């Protein structure tokens, strides 16, 4: 899984079968310092409650579909947790 | 899923079983500013209606095959939505 | 799928079960200008007829195995089409 | 599989179905010299006993879920072994 | 599949279920000139006979597990062939 932050929403009326009603959010992957890392991705919101600027972690590839109610959907990134806190072995706590 | 723009078409008569009749488009992946990001990929058009220069999002790996009518096909990138609008948490709307 | 060009052949007598008799070719992935992009990969020839210097497209990961006659084989890249022509939305035709 | 070192823990109360009770650790992937390579990832602890600063190896993608007790969970990285020693063909032994 | 060279061995007593007795080798991926390309990976030896410094090719992701005797194991890279010779379309033969 990777850490990311919710940055926006995708609106699309023309979608493949299985994607009707699936909430798609734009996610910025983050590095350890919670700074942007690489390009934005579009992820399905498996929690149905992620909000703009939330710190989340997402799952990629086939496992993303497993997070959805209907698992045989063409989804390759899904938001599966909202982070409360990160603890580092160096003792710091973040967010 | 990743954002991309349709840039062309692939014509091939010699194809593996399961790929006969599948429409293959050349897609340029895009970043947040909707500028090209990385190299072109060849994606199957699961919507059967994506047009040149359309802003779309595509799914990769095993999930791509799930977007097709016949799901046990050797397809690893599929176009699964045509974007109407993108909303950013900063308040901007794009396209 | 990705565009590539056949650059060579791999000869191996010691192979894992399921790979006996599978033709393995060395493929150079290509970018839009059909110039080399990234390192060579070894792909199974699902068409059984790709020839040196052919412009082809290949599929990666689990989908590669789906292109083979026997689908539960340890294959992660397969050549699934020989390109006749590429059409760009800018109007150019290549190859 | 890839080598990595345990660097921290993720605390999240809002998680997707199947992730309740799964221990999530922050892992720094390592190179041959056991120096950091690329960004941190979040991995499920399939061993349930990896400790901060342990040298481990993790598995990615669909195989990660196979390491869990419940295999149809949205997990794409799992810690599957704690390294005792590495032997190089040059004769060195590390850790 | 990718070309690589065996560079070492991983010793681990604490492993996830399904990995007991699986031989894990350190592999250096190679480019066309058979020079190192990217970081080392840890791969299961599906042939059970790869030796230090052997030129091999390995398979990644779900297909890696398909190369093992027991296929539902958390393995994402497996050595599936020992290379005898490589032939290039330019006429050279290597190794």
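Worth a mention:
Chains: A, B, C, D and E, in written order; residue numbering restarts at 1 for each.
The criterion applied here is as follows: contacts are C-beta pairs under 8 Å (C-beta built on N, C-alpha and C of every residue); 3 or more make two chains touch, one makes a residue touch a chain.
Worth saying up front: this structure is predicted, and the values here are computed from it rather than measured.
With contact taken as defined at the outset, chain A and chain C are each touched by B.
Copies chain A and chain E of the same sequence differ in orientation by 145 degrees, per CA superposition (steps of 5). For the pair chain B and chain C, the distance between mean C-alpha positions equals 20 Å. Centre to centre, using the average C-alpha position, chain C and chain D are separated by 32 Å.
Within chain D, contacts with two or more other chains are made by residues 61-62, 64.
Because contacts link each chain to exactly two others and close back on themselves, their graph is best described as a ring. Neighbouring chains touch in a ring; in the direction leading from chain D to chain E, they appear as D, E, C, B, A. Those residues of chain E lying in contact with chain D across their complex are 6-19, 24, 26, 28, 39-44, 52-53, 61-62, 64-65, 72-77.
Within the complex formed with chain E, the residues of chain D that make contact are 1-3, 31-32, 37, 46-47, 49, 57, 59-64, 66-67, 71, 78-90.
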